[in-house]
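Letters A, B, C and D mark the chains as written, and numbering starts fresh at 1 in each.
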Amino acid sequence: MDLNALVHGVPVSWYLVLSAMLFAIGAAGFVLRRNIITVFMCIELMLNAVNLTFIAFSHELKSVHGHIFTFFVMVVAAAEAAVGLAIILTVFKNRSTLNIDEVSTLKN
Amino acid sequence: MNLNLLIAIPALGFLAALFLPKSAARLLALVTTIATFVLSLGLVASYDMAKAGLQFASDVVWIPNPEIHWHVAVDGLSLWLIVLSAFLGPVAVLTSWKAIADRAPQFYAFLLLLEAGLIGVFVAQDLFVYYLFWEIVLVPICLIIGMWGGERRVYASTKFFLYTNAGSVLMLAAIIFLYNKVGSFDYVTVLSALQTGRVHLTGYEETLLFLGFFAAMAIKVPIFPFHTWLPDAYAEAPAGGSVLLAAVMGKMGTYGLVRFCLPMFPNAVRENAGWIVVLAIIGIIYGALVAMVQPNFKRLIAYSSVSHLGFVVLGIFSCTRIGLDGAVYQMVAHGVTTGALFVLASFLFERRASHNISDFGGICKIAPWFTTIFLIASLASIGLPLLNNFVGEFLILQGAAQANFTWAVFASIGVILSACYMLWMVQRVFLGETNDGLAGRFPDLNMREWACLVPLAVLMVWMGVYTQTFLPAIGASNSQILEKMNVPLRVSNPVSGGSVHAR
Amino acid sequence: MEIFFFLLFAIVALACALNVVLQKHPISSALSLVGVMVSLAVLYLMLGAEFIAMAQVVVYAGAVMVLFIFVIMLLNAGAETRKGGSITAQVLGIPALLAFFAALVFLITTYYPGLSPVKFGDFTGGGAREIGMKLFSSYLLPFEVTSVLILIAIVGAIVLARKELD
Amino acid sequence: MQNLWIIPALPLLGFLVNGIFGRKMPKLMVSLTAVLSVVLSFAYVLFVLSSAKSLDQPAVEHYFTWIQSGAFNVGFDYQVDKLTAIMLLVVTGIGSLIHIYSTGYMAHEEGYWRFFAYLNLFMFFMLNLVLAANYLLVFVGWEGVGLCSYLLIGFYFTKKSATDAGNKAFIVNRIGDFGVALAMFLIFITFKSLDFHKVFALAPGKPVATLTAIALLLLVGAAGKSAQLPLYVWLPDAMEGPTPVSALIHAATMVTAGVYLCARSSVIFVHSPAAMDTVAMVGLATAVFAAVIGLAQNDIKKVFAYSTVSQLGYMFLGVGVGAFSAGVWHLVTHAFFKALLFLGAGSVIHACHGEQDMRQMGGLRKYAPVTFATLGCASLAIAGFPFTSGFYSKDAILVAAHAHAPWMFWVAVFTAGMTAFYVWRAYFMTFFGKYRGHGHPHESPVSMTGPLVILAALSLAGGFLFNVPEILGKMFQVEAEGAEAATLTYISVAFGLAGIGLAYFLYVVNSALPDKIASSLGGLYTLVYNKFFVDELYDVTVVQPTVNGSRTLLWRGIEHYVIDGVVRGVGANALNIGGVLKHLQSGNIRSYATWVVIGGAVLLILMGVGGFAFAGGVR
């Protein structure tokens, strides 16, 4: 890589790689963590990672559409957080646990 | 005459019956089915028996891409099957009149949907529409068996559904393949494309397509050894349901063989006729032998259907005009006979709550008319001359004898055996000393039951004596089908004789 | 200049993200997540997305995360328990993640190596004005639908949470 | 047009009226309907025959097309020629007498109306059989009479033995019908028609092998209907039916349908010497076999039943050696004297309050003189006493047999001696000695004795009144030329008289001797007494293997384990596959998530491998 080029700015692909890293970390959290709230936060993290991609491409394409998408993702994420947390409340009330492995009613 | 009306009336009845209370739904079902039947008689009246081709066609483009036509029409092949379905509608409703107590509106609704589907199958002239109805039929009958059937109803229903669907899927694949080749689902278009050589199928393709269709039909008919769903389904099906199931649904398969397999894949039919006929003959004899030892009379009738439908398949694959005429005639005749037998079986069940032969005996003494009608139906099933089945079976065997005399020899054994199992059953159920469990609770036929049975009995005699009502239309269509098969009226050497002048 | 800020906030974001995953206690995770979001807001800003950067701080870091913390507090959630588990997740989780990440990076570096560099001020179409114009013209219907969505979410959340009172 | 359809239509009408309304009608109405319909039919037959110009060439009357399919075209066609005329007279004439007789015999039976309805239906089918102008219509009558036979044998439907016998009759007949049906298929293939006149016109030119096949298949049918070896087993059992039924169906008319069919198809038979020989052999073997069994039976109806089988064998012998008209002649005279024998037997049974075992009878000549006298006439006729009806027809057959092969004559004449012996044995056991039964025997009413007297007259004089060979004339193309050998006549008469004499000696003069002879014969007697165990043999070799094989091997074995087993196996395996896959569906969110990640990774890798083609890179 031509380091001199970095003087002119950061390549967009770096943002993308960053986004990929954040997404992977979020996914890792989702897979490995047992606390339901942490898992939920990891989802938010992944959403943010994707948002970063949108914004990066928007910049690359010089278009505002990516921003709009990000906007919608945020709205949906907010709604989702509200409902999701309500569900977590209910689950906790019914089962007295936040351990995701103990919540497997889907099985039967 | 609008064929769409024939489908629409029971279909609308289906929707309406869902929202009605029990007795109203029952009445509605009766009125609807009778209306459909009257309409089908109108169809017969205005049908031109001398003409061979499709009549009353209504062909509109339903979905432009992929090209699917709402194409319905009727010819001599389907005419009587439509009338049969419409005729058995009221019979089925009347048969169920008392027997179905809970969730009755749904039952009658499904019955009507079934009738609409059956008529749809017989009038559809577009492969997609045909397949659509073919599958629609399956839904109500499986629900009818599964919800109102006998003890093992869920098993029977599931088995029936899965088994028939396994075959249907292969047919669907064949239909889609044909679409990709021809670019249309419209059967007339497909057929003319194949016939004029616009679309050429290699021998391999033709055989595979034929087998695809054949698999669906063979299971539906059913041809030995694909028959094991049948005894379960027939025996578990409730009153009324079993009538339509046994009398008409089995004919969907044989009808499909004549309608689609013969004209579209003549070479494959000729090449494969040998082993199919062998299966048919095995089915004839095997069905009869197994029927003979059934302790349950509904199963006995079910196995007898395996045997009788073997005759139909034999007639179809004899590829002779006489055999084909006989096969189509036998489809209708067997519908009437088996319909009557199942009606009677459910009346027996209503009175004794049992299907076991050993729970009956000596009914002749306490219910002579019941016995008389049952005997007539049994004799028709045996194939006594002047009753309906004889004509079909005789023509089938004559056609088979023309194609290959050995076939006729073995198939005729089935005729002997049919006498064995039916008469033995009649003896055990109706003759002898009256079974203790029956005394005092076995009334003779009441008005409703007479109303069910008399038309059936009359039809049995009519179809046996004056065949000219039915045969000309059947013959005209069949001669056209055989023309399409590009064979002279007789196949002397099925394999080499055919391939020379085909296409 | 850009490279400095980028690296700075990227590292902060990554570190915070790792912290989200690694912390045993949800409160720590939540606070780390706020860190991620703020860093990302800065990065958005660098990419010319002024409005989104603001929204990120206000909506995410402000509202959503506050909600999280409320719930954590409400449930008095402690460190996670180690009961039960998924063999699939334990055995296949890490390798699958690594494969996923590697494939992603490979794709990005292979197919987008030569994208234009980001310079602050290169792109100025991300202001509130431009976004507003878009939202209320071509994206009007989705926008309105999101309002309905949020309404539904509110109702749903209330209904779900109400059960607790019964 | 002679409106031949009226002949069968009348009994059909009688059947419908009695069948539908009979239950509610008084007995008198029922019997009036039944008897009148047949008598009127008889009258109409007489009218038709008297008004017919010539019966040499049958005039076919076409009513409507029955079955038409391509080249296959069969109409409802009737015709009358001389053969049909004779059959019509026999069927309606004897039928009328038996209907009248039945009004007396069945007077106290439950289901009186049912009986007459069946009897009328039988008349319809039988007339249909003899009037038919094509094979298919013959087949209608053929199966129809089988049906009526089934219904009437099982008339006492609460009795298991009766319904069993009915089933047996129908099913064995079905085996015969199988042959007829196959013969028809072959006829149609060969001649492109089933109409008699077309078939017979074309027959001479066809290959002998085909004609032989057709003839042999027809023989199978005839053997079934006419109770020839090996299908005779149903007829003795058929005696379970009421006695008038035995007289009408199982002696006079239906069982002779096989002979009629052979005579009708004579054109086919004469072109196939092999088939002719087979017919003769079957007939001869049956005649001997049944006569031997008849020697040792004690049930009066069984004796006559075996005698019927044996006499039918004679007819087949006649047909087989080419003397068709002699066969038909014997058919006619046999109808007279055998109907009489059965009706007489019925009268005897009536007199003895339903007893059928001859060992429980005896000395009835005092109590039932009319029966005694008339039955004597019949017994004389069947024994071939000179100038009785049986004498002429039997003689004609024997002469023809001698011309064909002398050894056949000797076997047949020996059988005639046996016939005379066992019939007269029955006669002596019934009417001579002391009454051994219970109750007081009595003579039957006039409605029963009247027909007996008429039939007795016919049995005595029927032979020269109806000289069938003369009437038939040149009907059959080839007639066996039997030399008018007086010697042969003397021999046969001598054998007949010897049989009567022996019976007289054994059962009147020295009635203790038969038992001694029986016990000294030991095993042989047991064998004959038990009818050579043929029923048991059939049961063990055919019936049991079929039923048990079907039940154990086919149904419980192949059906359940193999065919359905495969189906259920497929179903179970699908479940097993599902069982493996269902572990994926653990309900554990983290494991789901892992699968999502794995899926994503695979997708990305595929994208990489596929060169990101679908995204097309950036713009």
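Methods note: a contact is a pair of C-beta atoms (placed from the backbone, for glycine too) under 8 Å apart; a residue touches a chain by one contact, two chains touch by 3 or more.
Because the structure is predicted, anything quoted here is derived from the model rather than measured.
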Via touching chains, chain B connects to chain C in a minimum step count of 2
Of A-D and C-D, the pair joined by more C-beta contact pairs is C-D
Taking each chain's centre as the mean of its CA atoms, chain A sits from chain D at a distance in Å of 92
Separation of the C-alpha centres, chain C versus chain D, in whole Å, is 96
Distance in whole angstrom between the CA centres of chain A and chain C is 5
CA centroids of chain A and chain B: separation to the nearest Å works out as 60
Expected list for chain B, residues touching two or more other chains, is none
By the touch definition above, chain D meets two or more other chains at residues 586, 588, 590, 593-594, 597, 618
Where chain A touches two or more other chains simultaneously, the residues are 27, 31-32, 34, 60, 101, 104
Full set of chain pairs in contact is A-C, A-D, B-D, C-D
Counting only contacts in the complex, chain D reaches chain B at residues 23, 64-72, 136, 139-140, 143-144, 147, 150, 154, 157-158, 160, 163-164, 166-167, 170-171, 174-175, 177-178, 181-182, 184-186, 188-189, 546-547, 549-551, 554-555, 559, 563-564, 567, 571
Listed in rising order, chain B residues that touch chain D in their complex are 159, 162-163, 225, 227-229, 286, 289-290, 292-294, 320-322, 325-326, 362, 364-365, 368, 379, 384-386, 391, 394-395, 397-398, 401-402, 405, 408-409, 412-413, 415-416, 419-420, 423-424, 427, 430-433, 465-468, 471-472, 475, 479, 489
Chain C partner, complex, touching residues on chain A are 5-18, 20-29, 31-35, 37-38, 40-42, 44-45, 48, 51-52, 55-56, 58-60, 62-65, 67-68, 70-72, 74-83, 85-90, 92-93, 97-99, 101-102, 104
Chain C residues touching chain D in their complex are 84-89, 92-93, 96-97, 99-100, 103-104, 106-107, 110-112, 115
The answer for chain C against chain A in the complex is residues 2-3, 6, 10, 13-14, 17-18, 20-21, 23, 26, 29-30, 33, 36-37, 40, 43-44, 47-49, 51-52, 55-56, 59-60, 63-64, 67-68, 71-72, 74-75, 77, 80-86, 89, 93-94, 96-97, 100-101, 104-105, 108-109, 112-113, 115-119, 122-123, 125-126, 130-131, 134-135, 139, 142, 146, 149-150, 152-154, 156-161, 163-164
